[in-house]
Amino acid sequence: MWKYIAKRLAMVSVVIAGVTLVAFSAMYLAPGDPAEVIALARYGDDLSASQIETLSDAEGLDAPVHMQYLIWMGHLLRLDFGKSLVTSEDVLTEILQKLPATAELAIVSLLVSLLIALPTGVLGALRKNTLLDSGCMFVSLVGVSVPNFWLGLLLIWLFALTLHLFPSFGYGGLEHFVLPALTLGSSMAAVTARLTRASLLEVLGQDYILAARARGFDERTVLFRHALKNALLPVITFAGMQFGYLLGGAVIVESIFSWPGIGKLLVDSIFARDFSMVQGCVLFIAVLFSLSSLVVDILYAVLDPRIRYDRSD
Amino acid sequence: MSSPLLSIEYLNVTFKTSKGPLKANEGISLEIREGETLGLIGETGCGKTTLGKAILRLLSGNAKIEGKIVYRDTDLLSLPEKKMRLFRGKEIGIMFQNPSACLNPVLSTGRQIAEIYRYHEGVGKKEAEEKAGEMLELVGINSLRGHDYPHQFSGGMLQRVMVAIGLALRPGLLIADEPTKGLDTDTKVQIAELIDGLIRRENASMLLITHDLELAGSFVDRIAVMYAGEIVEVGKAAEVISNPKHPYTLDLLHSLPGKGFRTVSGQAPGLLSLPQGCRYHPRCSFRLEVCSQVHPALRGFCDEHLTRCFLSEMGRRKETAPRSSLTEQSAPSYVEEEA
Amino acid sequence: TDKETEGTAEGAESGEGSQDLVVGVGTDVNSWYLDMFASGDARFVWAQVYETLVRLDSDLNVIPGLAESWESSDDGKTWIFHLRENVTFHDGTPFNADSVVFSYSNQSYVRQAVLRPVQSVEALDDHTVQFVLAKPMPLPFYLTHVAWPVMGPSCLDAEGNFVKPVGTGPFEFESQAKDQEIVLTKNEAYWGEKPLLDKVTFKVIPEAATRVIALETGEVDMIIKVPEYDVARLEAEEGIRIHRKLTTFTDFLQFNCEKSPFDDTRVRQSVAYTIDTETLVNEVLEGIGEPAGGRAYSPVMMYSDPDLETYTPDLDKAKALLEEAGWKDADGDGIAEKDGEPLHVTLVVSKGVWAARHNPMAQVVQGALKEIGMDVEIQVLDDGAISKLESAGDFDMILRSGYFVWGPYPRHFFVHHSGNPYSHYNNETYDQLVDEADMTLDSQEQEELYHSLQVFVIDEVPAFYLVHEEKIVATGPAVNGYVISSEDPWLNLSGVYLERT
Amino acid sequence: MKLLKVEDLKKYYYSGLFKKEVHKAVDGVSFELERGETLGLVGKSGCGKSTLGRTVLRLLEPTSGRVLFEGQDISGFKGSALKNLGIRMQIIFQNSESCLNPRMKVYEAIAEPLRLHRLCERDEEKGRVQELIEAVSLSEELLFRYPRELSGGQLQRIAIARVLGMKPEFIVADEPTSMLDPLVQAQILSLLKSLQENYGISFLFISHDMEVVKWMSDEIAVMEEGKIIDFR
Amino acid sequence: MTDLIERTVRTEKAYLAEKRLSFGEFRKNRLAVSGILLITVLCVLALFAPNLAPHDPLAQRLDSRLLSPSLEYPFGTDELGRCIFSRVIYGTRISLGIGLLVVAVTSIAGTSLGLLSGYRGGMLDEAIMRGVDIVMAFPNIILALVIAGLMGPGFSSVVLALVFTQWPAYARLVRGQVLSLRKRAFVEAARALRPSSFYIMRKHILPNCMDPVIVLGTLEIAHVIIFASALSFLGLGIQPPVPEWGSMLKAGIPYLFTAPHLTFFPGLMIIFTVFAFNFAGDGLRERLGQPADQEVLAR
């Protein structure tokens, strides 16, 4: 296992190289002359051709793409993430500033989603084909159909404007987490809940659950000590993926709730063709993503002893 | 003898299948007395396991149970599920027939035993693990292997883990479904003695489902023989073994390896297409006219020895009969045609 | 009015409520230095910290700023600014000619972009600066732009790295939390009318809907860029006040006049006759803004021709013009054809900040043009994609807003000047008119030229101007004394004070 | 040539998530088997019999040692050679109760090897499956049930029928009758025996029932702690 | 004990158990049937949109904007006075089309890759899973931009972009299942028959790991429909004014509080679709060769 973990950690660099390479080339393939778009972001609409040229020279944007990438990589190896092409801000500083907000929101949202999803899914499975189950299903299906931007605004309207319970925007104390985490969590919860239910139903039909019941355990023990661990595999997979998604893709929620996160930074940078910033963000997301998928893989082996990664048989 | 601990009356178990209802148990009436071991033998697929599971109401969702199962004055079938739980494990324990499916693959075996103590006796984790270790040692498995998961165990070891689990709580009634299958002779004897010893010491009762007639002969007080969903013979163990009254029992005893693997031609009927009359009559070498028309009832032969056979009713029983033996049996038809 | 403000100001001071104003803005300040454009809402913050040499009052009249007066040579190529004395920057360093030279040095991006004709900036003495230009140009108008203010040289350290904003404005920079908030405090030593507020916090709230709710919940006192569709609702709310003012921004439909079908003036005119700008304002923009009907200049701007004959919708005329140009719906499918080619055009809309306005506008335009048999395909694109289409000339129409509009000065006509790579219009007469107007010093003459330019745009339609935009600011119950102004930044906080209950 | 030759076969199990534990389940086993012969394998529970059986078939990769089938080392087999081996060497698993795909009906389970190796025409399939299920003394009505609707003994016999359908040359029979009553056991064993007589099938016959092993086998190997300690 | 008449004594409990069972059965079928019915309704809407829609979905009536539902406009009118009812009906074509196509392609592709990765293991697994990591960590927007730039806006580019970004979820989910399934006894038994690994994956592993895929797929439809509209803002998706539920929802956001019907009806359609596919999916799951007695106990 240690060997496997070491191998996987080494693979992180491959993923980084892959993601950044793809992102870099894709940025070039995206329409528009990068120098021009960057100049637009830097100087506004009043542009002169010479300005674009100077900028292109100064930032080395006229070099061939692969060279640019290699140069960037070279800097990276010296742990130099570069400066934003648009704002000249230090990329690393900027990302490290935003990352905590993103990570915190991701963790809280994931917790919220699991807190909603697991009980719902479990209840649905235990009370299969009852009114309660149908109720849980109804809520889940509606939950998954409601887009984040809609739900987010509705929550703000309800909890911030009407009930004055939570702030409507901003990053700060715990109360600031409630609405964005609820928005993100509830839409993810729907899928997780349904997955939990399906997976648990499958497990509950197994003979070893029958055997556990035969030992006189109450439902709770059967569920928590015997069934849940087996049923958790797809749930963990999904949660892991969502964590990754939350790290990089919660743009809409970040912008609705004015959350100073990395998602919006990334998207803004993409539109401004801010290569160094995009690369920085992508790199960090890739690292976190790889780690979360490694954690999930380790959890597999912990959950199910039959799963082994160093396959000697 | 003492009063009945468990009495089963007119038990019917019907499985709903895609091809219609399947009566896996039909009109079963049995008693297990306090301190008694009842052996249940019979052809595979005749409904023994079903009966055992029915007692604990552990049958799958497509089963319908009718009748009465009374355990110490409680009708188990009319209990709500919540109350039923109180009878499982502590009062009535069960060892399942298929250990490889009945152990949770993601929990270590030791933990699965320890869990029982923690739940039922409320002991701490440490103590429960110790007790689990003891239990494993009792069934001849090194307690260190308690950390291992079921897939790391051999078939016989899993079987023994099932035994350990079944015995863990010293239940008042133990339903043991082939507890010694897949064990080598020494281990088998050791396990059988272990179970028997515990049962006797606690003055508990046991329903022992087995195919091992020798085992049944030496450890069991009474024997019930099942065929195609019904009880065809019940009686004292020694009586049934030495003096079987039902032709099926007789055939069964004759087929024992020690006696040269004699078989009966034909096969047990599918439970969906039972023959009219006596269910054994197509294979029976004592077949009478009536056998194919009227379904015999289970009747007292002499006291405590019941059988479901017209022959015994009439007291006309030949001592020996020609029996198809191995040499006479033809190879299955498909073998003849070359592929 | 002076008296009034004084009275209320006193009232404000005696009130126990704090004077900490919270303003909701859409974007953060990404740059505090003049090597970059203060994009997005950064200008609103800059305007509190930095000041320009020349200023505009709320009705776009040019008034002295850091320069008390200015004069130009007869040929209009040399401008001399006399600077205000006894002004200090926030860090205590004195404001003088050197700081102006510093701010308009070659380093500043504005010298490379807009002020390219400027050849040199020199300090004649401590409080006099001379700008020498390559060609005549009404420099004071340019210098009103808030994104090109005067900064103290001490904002740089010895190595030339930017350290912190140093301005002369009524508020000084205190702190900034990236994409969260910017805090400014009162500049006690401000040379002009002292601010009544002690502290101004700008909260960054990108989503307009959230901004509005934040105002309603009282989390902020004031928000800018209120969406048109929220105005009626907010107005109805107690305590919330809506401030609207017509600005220099005008939405327009720019044609690609270099390729068919819009290389034909008649087709462009036909579009102009089809689109009812009044409906646009009333139905899409909730009646906020003024229908332009093709008028290039917002009425608030200098030389805007009040007697200009604008377009009124006339479908018959539009169809006739189209037919004249050879486009006729022969096969009855509702789309006109010429030489068998159906009249199919693209309309590009930016996905950027204006999208919320422009998307429905584009769809209305699309719906209207369908009436005359023009099949419009809308493309919502990001700026990169648009710039690609533009440089390739691969589009037919673009919906734009306030392009190149700074201050009251009609510099905007450069939009259709063939020297501008984005113009896609090539007309010598027009170019001549624009150049002449920009270089003429005589204001009478200028006015005539600009008027004829407006007529030219109406006749030739290089672009069809749709709506003169009204900017909207909403304030909460506590805010008093706010007056919205016509031009960037319309967030003048002088005279604003709070009265919290 | 011997049909099967096993040379110094070893199979170690490695377990543990973070620390390695080694379990020497089969530790240097050698034996030979003639065509049409049966080698009985007995030994205490947990001594490595099943592991040996599965390793011989290369269902478990051996830690070391060789298995020669008709003189060929099967460890190098790939692709169609390996597939072919599937028809020739088969195994009846000990835990037959969990060896059937829970989502496949009995019919499919029995027909699967036939289809897979094209052992019969499509239209004969039904007949073959019926023959097979009757051969193991089961009624046809089971064919359209799922495994969990069957009793232990029924499952075990279906596992047998599945293997017999392929008519392999060598079968590892890992306690094939452990869940059968004596009557049926006798039927099945005699079936196996008659098949052996007719087709020269070789068996590695694992069982605990000495009577059965003696009856079935030409030679008996006794295993202890992963090694064969005695041939009888 | 002399006369044992074969009679059954029905306990109350058994009676109840029977009743419950048949209710469950009925409900199960009802779900599947209603799922299929709902899907049929959606398909009918899509196919016969021109016949069913009372108005031209693109026709603007600026003098009747934001009307509440009425007889003439059953779902009211939108911000440009278009009939929401007609737009919603026409929207079925695109939204359902995108949703179905993307979910079908991604679930098939993702599942196949996940199967391969989990079953084969080793380098292949490593390669596929790191590919998954790369795709998932790679910002979708860049991809959308590139595709928009290269292919121009339209149905196929949306589908392409969505397919590319959505498959990894299935792959990872399936792989997790496969990892534990491949060690199950029945898989080993099947392997003893020496079929190709493709066969084992298809016949033995796939049917046993479809549950989460079906769950995910039927729910993803909603995400796909919404996500497709997000892309339209990058010039990739379906461009205005083509009716499409996600974009309608988004366009209605400004009027969330003043004219909620703008968002309500397209939202309702998405919910409706999700319900339809979920019911059908649940039915499919029950059908997928799962033994009849999934029910845990006969109570």
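Each chain gets a letter, A, B, C, D and E, in the order it is written, and its residues are counted from 1.
Operating definition for what follows: contacts are C-beta pairs under 8 Å (C-beta built on N, C-alpha and C of every residue); 3 or more make two chains touch, one makes a residue touch a chain.
For each chain, UniProt lists the protein as follows: A = Dipeptide transport system permease protein DppB; B = Nickel import system ATP-binding protein NikD; D = Oligopeptide transport ATP-binding protein OppF; E = Dipeptide transport system permease protein DppC.
These figures come from a predicted structure and were not determined experimentally.
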Item to complete: Using the contact definition stated above, find the chains touching both subunit C and subunit D.
Response: A, E
Worksheet, complete the sentence: Outermost chain relative to subunit A, judged by CA means, is B
Worksheet entry | subunit A-subunit C separation of Cα centroids, rounded to whole Å | 38
Worksheet item: Distance-wise, how many Å sit between the C-alpha centres of subunit A and subunit D, to the nearest whole number?
Response: 49
Discussion item. Between subunit A and subunit E, what distance separates the C-alpha centroids? Give it in angstrom.
Written reply: 21
Worksheet item: Between subunit B and subunit C, what is the gap in Å from one C-alpha centre to the other?
Response: 90
Worksheet item: Got the subunit C residues that touch at least 2 other chains?
Response: 209, 381-382, 384-385, 388
Discussion item. Multi-chain contacts only, two chains or more: what residues does subunit E have there?
Written reply: 145, 148-149, 183, 185, 253, 256-257, 291-297
Practice prompt. List, in ascending order, every residue of subunit D touching at least 2 other chains.
Written response: 13, 95, 98, 148-149
Discussion item. List the residues on subunit A that touch subunit B in their complex, please.
Written reply: 206-218, 221, 225-226, 229-230, 303-306
Worksheet entry | Complex contact set, residues of subunit A against subunit D | 1-2, 207, 301-302, 305, 312-313
Worksheet item: For the complex, which residues does subunit E have touching subunit A?
Response: 23-24, 27-28, 121-122, 126, 129-134, 136-143, 145-146, 148-150, 168-169, 172-173, 175-177, 179-180, 183, 211-212, 214-216, 219-220, 222-223, 226, 230, 246, 249-250, 253, 256-257, 263, 267, 270-271, 273-275, 278, 285, 291, 293-297
Discussion item. Touching residues of subunit A toward subunit C in the complex: what are they?
Written reply: 30-34, 36-37, 40-51, 54, 86-89, 94, 97-98, 153, 156-157, 160-161, 164, 167-171, 255-258, 260, 264-265, 271, 273
Worksheet item: Which bits of subunit C are touching subunit A when the two form their complex?
Response: 30-31, 35-37, 39, 109-110, 112-114, 116, 147, 177-180, 203-207, 209-210, 213-214, 216-217, 219, 381-389, 391, 403-404, 421
